[in-house]
Amino acid sequence: MSLPAHLQETFSPEEIQFIVENEPIKIFPRITTRQLARGRVGSVSDKSSSNQWRLITTDANNLNNMVAMQSTEVTLWLALLLKQQNKCSIIAPKWLTIKELDKSIQYEKKYLDRFSSIPWNWLVLCQLLFKRASDDFHDPVHELRSRIQDLREIRQLKVLKGLKHLNNSHLQLDNISILEINELRPFIVGIMDKLREIHSASESNDSSQANEDIDI
Amino acid sequence: MYGDLANKLVLEAKRSQQLSNKSKKGNSLPMYHEELVRNILQEVVQLSKNTEYLKEQQQLGNMDSKVWKCQQFVMLLCMERNKRCLLAYQRLRSQMLDSLAWDNNGLDILHDTLGNTQDTTDLSPQEQEYLKEYSELITELKSGALTDIDLTGSLTPPSDVFIDVRVLKDAGEIQTEYGVFNLIKDSQFFVRQSDVERLIQQGYLQKIK
Amino acid sequence: MNIDIDDILADLDRDTTAVDHTQDNFTSDGNTTRLNTSLDYSISGELNGKIGRSSEIISPAEDFAQLMRCWRNERCSPELMPYPHYLMTRILRRIQEQMEHIENISMGFLEESMNQISHGSGNVTGDGDDEDDEFGMGRGNNVINNNNKLPLLCMEAELERVKFVIRSFIRCRLNKIDKYSLYLKQIEDDSMNFLPINELLSKEEMVYHEKHLSILLKLFNNSILRHMPPELQAINDTEGTLNMIEEPDWKKFVFIYIKEVKDDSTLDRNEFGKPCYTVTIEELNEIVELTIGGIYVMRYEIIRQLVLDQKAYLI
Amino acid sequence: MYYDIDDILADSAEIPCKFNYDIPGLGYLEGNPGKQINKNTKIQLPLWLARILAIIGGDSEGADENGDETNENDNLPFLEMQTPDFLSNKVINAIKTSPESLDLHSINSHFIELANKWIALFGDTDLANVIYDLTLARSIELNNHASSVALELASNKPDNSNKDSIYQDGNNINTPFLLSMDEFEKKIYKKSHNSYKDTKKWLFEP
């Protein structure tokens, strides 16, 4: 098989990370890349272009116009790379503070039949930032971490309770995040497909038509 | 009973399926059950002969039509069952061969002893030919419009483009865009991961965290 | 139909592809109606309904976002999705140009470092103790080790990323091409299909499909079928006790996200006044409202058109 | 489905059948080669064979012309399938009483798939409801096991070579439920367990 079996079922967590890494995030650059020679952008000569960004998957404008300590927005993987090279600090998203997370936790506890509307990439994003930019948070990271863990557990419990509602028709799962979907996919799809098959088998009595299909 | 041998073959298929599921990296194929396959094919030939014989009897008017029809059906179904089992067995193995070919970058693994885990004698001659041709197909596909992509490259998203590596065994010089590297045992390099992916797979280099 | 897509694509602009000057090339063909429909499909599919505005410029960023969508849809859908011909041509060309660009830059650096070596500061085996190691990553001359090389590092990293997506995307497609090889063969012979096979597959994929099927059939023939009585030698029997041709499971459950599309006339309002698409699961006689921004687990066939129209994403 | 190994194996399940005619020469089906099978003989046949013989054999042309009784008898298929043991009342009742504690695997290793085939053959809505509830109820239990990933597994142990083995994961050793799963359930268990495990591993990666 040209695609390994485990990748035919769902994405790997690394692939989910890859997807999330293509989202924009705000940074404080520690370097200045903006060049004084204005008006020549787009027609830069080969020599000066060696220290210019020219990218093919995202707009390089922000990168080529960085000013130290002036916030700008770049793609997450670029932010992480710059961070690794000590060229920027990453501005944590607004929802990733103790205060906001506490609100989310309260919401999760209050409404047992729905998920709070934290971003679709929350679990992946905070994992990446904790790991690679932990010094950029204002709140103590271990406290943020424990709240994320709380959120994760409350939501997991909710999912677990919701599983008895699996059926052969459809489900609505608003605000479930990408990593949660991916983790649950093989189970949910596997069981729902089987429930559907069982139900439709009883609808279509195929013995009569099979009779006509056979001929020696 | 007709079909019993075929069942045995499918159980074999199930077993090799389970084995290869256990490891995420493609496993090697177990031995081709040549004798079992031959016996099943013989059974089909026998059934086919019986069918012909019955047809003659029927035409001579020696048989009740219902009896004839029933016997014909039973034999046809047995033959079809055997065919299905044989094909499913062969298809599963062909899929495993496909994985093998991809894991080996479309190289001719039958004649490439490097890091090769597949015992050639476990494959039937037809399978060997198939593997060779499929590997060639992959090689062909890799060139052309998709040359830049390296279709047999890693299916894990790139995390660190540049990495530190330690040389585990001497591998001579390699040429990259960043110059020539002389891979001497125990030396360390900071290199582009994609340049050395193969050497890591083959155990020449080790990634340092 | 002797239209070589590549010829037409060769005319397309490099980074700024104007969309609709390709249209004329197709309408001159005798097979106008069907071809136009399918072309409309692939263009609107690729460009998010921007057809008709010739001044529209597709940015590399948009293209990459589109490639990510294609990759994720392909991985999640039971069927083989139409190959995004135009998109892929543009992106492959950008990759090639970028590789040349990077090579030029690194050649420059290489020359620089060669000069340094000749001045006696070389450290080829690389023990990594450079004083001017601004990135904390220097290991000698074979490395990127100054500020100027930061863009290069990013560009290399980006290149690996985009190559990975395409690789994974194509490998996923090849897997489906193998899985449904006989079904695709059947489609090929059936002119009534919604997309002709040369639009569903890329040129390379068509070759792959044909060749792989032929060596697989050779294997089947040589080890099994030719030892069978002639009436049992078929590999594509759909009339017998069991259908031998595997079709995609159209009813397979998939996760979808309902996208926000402005001014879509097919949008309804649900009882709370929220915009939604109304779909019917016929087998169950159920009507379901798919609210904008919602996430659902649905049978693929029910939302297939929404996905093809880019009103819903498989996630 | 043609190439599906589990589907092929499910098809080999033996079904009790009763022949509606005397058929000479078919004695080999019950281990008496050369003999005939007598009308009303009960015999176990694999589903792949029985399924078809149970719907063909009727002499429809004859019936159209004269509708007398002999011809009506002639219209019966070659044989009738009877309820197999794995779907007996005893089993159905056990399913209804406590689906989670049932040893499905020992009843039949492809139980759910087979039941599904049976439902399709007879359009049996009642059975469909029973199997639907069974599958759903057991899936919850299955998920509980699949999602419990021991933390030690999340750490990258290099010697963890057979970590994908179904019964050897941490706290799952010898859990009776896991041993009672049929092949469909095993498949889902493996897939989902791997998914939970990979996710957890990623989350706790140092």
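Letters A, B, C and D name the chains as they come in the text, with residue numbers starting at 1 for each one.
The rule we apply is simple: contacts are C-beta pairs under 8 Å (C-beta built on N, C-alpha and C of every residue); 3 or more make two chains touch, one makes a residue touch a chain.
If you want to know which protein each chain is, UniProt gives these names: A = DNA replication complex GINS protein PSF2; B = DNA replication complex GINS protein PSF1; C = DNA replication complex GINS protein SLD5; D = DNA replication complex GINS protein PSF3.
All values derive from a computational prediction rather than experimental measurement.
In terms of the stated touch criterion, the partners common to chain B and chain C are A, D, listed by label. Ranked by how far their CA centres sit from the centre of chain A, the chains are topped by D.
For the pairs A-D and C-D, the larger set of C-beta contacts lies at A-D. The chain closest to the protein's centre is C, with centres computed as averages of CA atoms. Chain centres here are Cα means. That of chain C falls 39 Å from that of chain D. Taking each chain's centre as the mean of its C-alpha atoms, chain B lies 29 Å from chain D. Chain A and chain B have Cα centroids separated by 35 Å.
Chain B has residues 21, 24, 69, 73, 77, 84, 87, 91, 95, 98, 102, 155, 157 in contact with two or more other chains. Touching of two or more other chains is recorded for residues 95, 137, 153, 157, 161, 164, 168, 171, 178, 240-242 of chain C.
For chain A, the set of residues touching two or more other chains reads 1-3, 6-7, 12, 14-15, 17-18, 168, 185, 203, 210, 214. In terms of inter-chain touching, the protein chains here all touch one another pairwise. For chain C in complex with chain B, the residues that touch the partner chain are 92, 95-96, 99, 102-103, 106, 110, 113, 124-128, 137-144, 153, 156-157, 160-161, 163-164, 166-168, 170-171, 178, 202-204, 207-208, 211-212, 215-216, 218-220, 222-224, 227-229, 232, 235, 240-242. Residues of chain B touching chain C in their complex: 37, 41, 44-45, 48, 51, 77, 79-80, 83-84, 86-87, 90-91, 94-95, 98, 102, 124, 126-127, 129-130, 133-134, 137, 140-141, 144-146, 148-151, 153-155, 157-158, 161-162, 164, 176-182, 184, 187-194. On the chain A side of its complex with chain B, the touching residues are 1-7, 12, 14-15, 17-18, 216.
By the touch criterion stated above, chain A contacts chain D in their complex at residues 6, 9-10, 12-14, 17, 123, 127, 131, 160, 163-164, 166, 168, 179, 182-187, 190-191, 194-195, 197-199, 201-207, 210-211, 214. Chain A makes touch with chain C in their complex at residues 1-3, 7-8, 11, 15, 18-19, 22, 31, 46, 49-59, 63, 77-78, 81-82, 85-87, 168-176, 178, 181, 185, 188-189, 192-193, 196, 200, 203, 210, 213-215.
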